[in-house]
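Labels run A, B and C following the written order; every chain starts at residue 1.
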Amino acid sequence: MAILNSDRLFPVEPYVRDMARSLYETVCDLPIVSPHGHCDPSWFAKNERFPNPAELFVVPDHYAFRMLVSQGISMDSLGVPRTDGKTNANDPRAIWRILAENFHLFRGTPTSMWLEHSFQHVFGLDVPLSAETADHYYDHIDQKLGTPDFLPRALFERFNIEVLATTESALDDLQWHKQIANSGWQGRVVTTYRPDAVVDPDFENFATNVKQFGEITGEDTTSWQGYLQAHRVRRAEFKAFGATASDHGHATARTADLATADAETLFLKVTSGTFTPEEADLFRGQMITEMARMSLDDGLTLQLHAGSRRNHHRGVLATYGRDKGFDIPGRTDFVSALQPLLNVVGFEPELKIIVFTLDETTYARELAPLAGAYPALYLGPPWWFFDSYEGIKRFREATTETCGFYNTVGFNDDTRAFCSIPARHDVARRSDCSYLAQLVATGRLRENEAYQVAYDLTYGLVKKAYQL
Amino acid sequence: MAILNSDRLFPVEPYVRDMARSLYETVCDLPIVSPHGHCDPSWFAKNERFPNPAELFVVPDHYAFRMLVSQGISMDSLGVPRTDGKTNANDPRAIWRILAENFHLFRGTPTSMWLEHSFQHVFGLDVPLSAETADHYYDHIDQKLGTPDFLPRALFERFNIEVLATTESALDDLQWHKQIANSGWQGRVVTTYRPDAVVDPDFENFATNVKQFGEITGEDTTSWQGYLQAHRVRRAEFKAFGATASDHGHATARTADLATADAETLFLKVTSGTFTPEEADLFRGQMITEMARMSLDDGLTLQLHAGSRRNHHRGVLATYGRDKGFDIPGRTDFVSALQPLLNVVGFEPELKIIVFTLDETTYARELAPLAGAYPALYLGPPWWFFDSYEGIKRFREATTETCGFYNTVGFNDDTRAFCSIPARHDVARRSDCSYLAQLVATGRLRENEAYQVAYDLTYGLVKKAYQL
Amino acid sequence: MAILNSDRLFPVEPYVRDMARSLYETVCDLPIVSPHGHCDPSWFAKNERFPNPAELFVVPDHYAFRMLVSQGISMDSLGVPRTDGKTNANDPRAIWRILAENFHLFRGTPTSMWLEHSFQHVFGLDVPLSAETADHYYDHIDQKLGTPDFLPRALFERFNIEVLATTESALDDLQWHKQIANSGWQGRVVTTYRPDAVVDPDFENFATNVKQFGEITGEDTTSWQGYLQAHRVRRAEFKAFGATASDHGHATARTADLATADAETLFLKVTSGTFTPEEADLFRGQMITEMARMSLDDGLTLQLHAGSRRNHHRGVLATYGRDKGFDIPGRTDFVSALQPLLNVVGFEPELKIIVFTLDETTYARELAPLAGAYPALYLGPPWWFFDSYEGIKRFREATTETCGFYNTVGFNDDTRAFCSIPARHDVARRSDCSYLAQLVATGRLRENEAYQVAYDLTYGLVKKAYQL
């Protein structure tokens, strides 16, 4: 018995469903190119077994545990680690049972589809998860995890991943990437340059981080020029471990183009430890433009992930730390925010700036018009709450008419849940093929064009945008 | 002949239509639970006949008369009462004819479907309303209204209403609820605590209202603690007449968490009659948090209706008063607005805060992420302009993927048009079943799950959220 | 062979498709009423051949060239004129080949459908455009353009245009309209009063423009009353050349209702050349209200096109001038912005104010509630990035439930690409019929009503709203 409907996410009308399925069949087995995500490179460096079902599927995945929390289940009982190191739930089977008993909460969500895809396709399970099947699931998955076929590298190969990008801090020693490189394993795992800790004055320990940044790079990061040079040095090191992109989180998408002297003054201010929120924000904005300038030299694609208001609940941050499902999107004004950046580098033909949003209202109103005009600007795929069937549908319907397909860059899974990678790419492929089939059926795209676009959305565009 | 298509609002593709109809058949006869609305409790206390078709369907319903006004028909000619008591149109048959002659204006609107549902199902009419049938309609409805089966209590029972919540001001004497309670009639009509008149410093006669609030409760409402105590007293009285919830209108959704001394100072300021708009807004925000604290003690569910900018046209307000169709929604920023409240009570497992919005852009960007994280927060159903087929569709498509079904609370009719209650619940049930059928047909929900969710959306969730 | 699918844009499910096609067949041959656009009246005055395919389809159409630019093709190579008069690409065949080689960039866009509609229906081409067919296309179109049947007036007649409105500056001498009037040709080409150059203090040479405005009209435009009188004079002249409407571009939609003395002071300030951005914006807002007051006297319909942030890239503006695809929409708050205007004239029964937006989030939240209440306010059709299948679908789905069909005004093509006029109207007719068919199939509209609404959306409403 299958858990999943094999025609899931395809349109219902028979002609369109057949068209969608035909398109999907040409792309479903293409290799996975995963240009942005948060997998832990140590998995592939160490290649040790995943500890148990709860630590594979629940504890590290805020998509999974926040939904349980939203119905009154405590983070402690789900084993979410506390920052004070105090013990909480440590029986993985008990955690797993909580998931199983409450799995109805995920009805209609992409999380349930991702999980069921893993259950069926990765672990070969054939009954739905429920209170009754909780122990069967636990035992089955736990047993599989102990076999060689379920070690990280084996799964990587079985998932048909051509390349997987992880994301590391500018202060990271890249030891796991070094270990992977030295291991002789042929899997392609590359890093991505994420300098938030040294470009965001509001980041924990920013001043210390900048100091450490100088030590790591041997540059004088007490001066603006030395600080910029330290970025260049580290970008080059990241490139040596496969990086083809940098990545920047930014609540507002604000960019700036200050005169050199003003930028220098601002740098000294924010590293002095005494600065206003406005100065911090301006510095973050200036650094996006500086990173774009460096990209002109070293060729890294620049990713901008804008619009998340982090750590909405102070208590969750204090007790459990960051990335616990309490980051809530807000409105973003890209038109004003990106104007300084695009006036500097928007017409650079080799530069690739990829913008991601959590504010879907900007798709048709701001981002598609910008990407459909500026040569350097591309639209990242639907992100976080939106890399789902409805999210992808809204993205395509809102952007295609204004910027077409060729100002977009294929799919990102952006996940820290390893087993969800094939599931998420499968959802994207099905959703895109359904959209294309709808265009064909309504005379907006010719059938032969649809096959070409399906290939490009799955494989061609991502390779080009990330130079992979 | 039927006026309505019996398969209305179901998807067109035969398989999905059959699925939707099958789901609908299991919920269409469930009792109506109406946890929030604006019916007049005197109808059920006095149980007198509704005066005539115009005063049943046109005069009190701003959905109906604003559309006629928008095409140049005067409020006077529609019998909308003037605040100065001057006479306007008083021939109900003439008013009815205006509606009939202009009924084409309502094409494609939920108002036309609600009205036609009443015409067909409540009054047994079988031809569409038009200039030609205006008098036939008038005579038929007027005759029916004079029969015992069309008295308010008889209709309440025929509509299969399990419970109906009205909304009363904190200053209301609850006389009609008392009369209903003493009448021996078994219909369950409960009140809801709506304290706008004593928590909004911009409300007409606010200072006088607070004084009167003290007189009603016997508390000293010149002091902050006495004022809070007066709320506790009145909430208890409302609970005695069945209230399980409070309700709060609020243009901005802003909340606050002031220190006690600051709250006290602010209270003295706003009750002194001299205060800034910012102080008024801050006080409204503080009172939401105070109400939530009281809910922790007395268990009332807290409803927050945010985002309406009231009385857009000064002349309409001056001549005809509030609630005349000139309340226009605006943007709402829930992420910042609710942060103070949710940091105080967001993790209270027994508390239920239900948020309603008129800004659909917040569904996927703000409200679903918040409700899918905070235990105390629930999403109210689409409201006012949005409790329609398209509105419900957009709500489900935008929220389900992030917060699922179980952080929502079923349907509210929120109406002052009594006969529209079964019509509105029917639209909601059909729309939800159509959405669920679409999920089943595209492999996003199993068929057995869909039946459970259909029941929960119709009956289970509302009973739980409102403790009814 | 046909390039286009004859059932394009119709729903796929057979019953709904048949219904949509039946509706469409009753409106597809109705005359085109084009009440707002940017065609060049000299075409019809001079009636000379269009120079070549590139100058017909690429060079003047920012929809076409911005998409090519967004993928790194230079404006110079596309023949976009430079403001400094320096030569750029001048081989029209080379420009045409660039379009042909990159035509895949337009997949899924309305631009490709408009172009293919022209290729097939205007020029009789029967193979898709591609690198291989580029020269065939060029030769075929170029040859046709040299024949009498392809002169502007012949095409006007063949397109079945009942009336075409152009848009002229308040400073325009209307010479082409005079020449058309004197030519004896029966085609109805009317002008529209567009006073941006003399009402926007930030317009290039505003002070000089106001001076010239006085010279043209013989009024004393150094005084507020004289300046207003100059508008009245010019509006009358425009009316003499067929104008039934004025048109106003406005980034914010802000309106104002200043006391006369304050308006006079503000006028003297902004014409003095020294004023703040706030004063400029306030003056623009005041002038909308003044124009509405003049409409009460002379009957011109008032069009408000709000929300475009012009000239996002300084370099493009400096090198190529305005209207080059770098105008990017932003958020608009209509509720506050229109309140002063609507409080003054919103209940005028004869006045018609038509509002257009580039911020789709305002459809259901702001514009439909306003238009569904105020007698003077109407919603313009989807505009610019949104006069497409998906754009029209979103517009109807978001507005109809609240303001119905009869507070909307039919379609505007708003184009400067002459051959796209029939294509754009055809897209609108098909999209509207598909929407109506969906309503019928889901029991929200009766079949006989749908035929009436289809006629009204295509022909009846636009004639009434623009008094054409």
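Descriptive notes on the structure:
Rule of thumb we're sticking to: a residue touches a chain if its C-beta (ideal position, glycine included) is under 8 Å from a C-beta of that chain, and two chains touch if they have at least 3 such contacts.
According to UniProt, the chain labels map to these proteins: A, B, C = Uronate isomerase.
Computed from a predicted structure; not experimentally measured.
Chain B (Uronate isomerase) maps onto chain C (Uronate isomerase) through a rotation of 120 degrees [Cα fit, steps of 5, range 0 to 180]. Different-residue interface: chain A (Uronate isomerase) and chain C (Uronate isomerase) share under half of the residue numbers found at their contact.
Computed from the mean C-alpha positions, the centre of chain A (Uronate isomerase) lies at a distance of 40 Å from the centre of chain C (Uronate isomerase). For chain A (Uronate isomerase), the set of residues touching two or more other chains reads 11, 13, 331, 361.
Interface of chain A (Uronate isomerase) with chain B (Uronate isomerase) (complex): residues 4-13, 66-67, 69-72, 104-110, 113, 128, 309, 312-315, 325-331, 358-361, 385-386, 388-391. For chain A (Uronate isomerase) in complex with chain C (Uronate isomerase), the residues that touch the partner chain are 11, 13, 15-16, 331, 333, 335-336, 339, 342-343, 346-347, 349, 361, 364-366, 368-375, 377, 397-398, 400-407, 438-439, 441-446, 449, 452-453.
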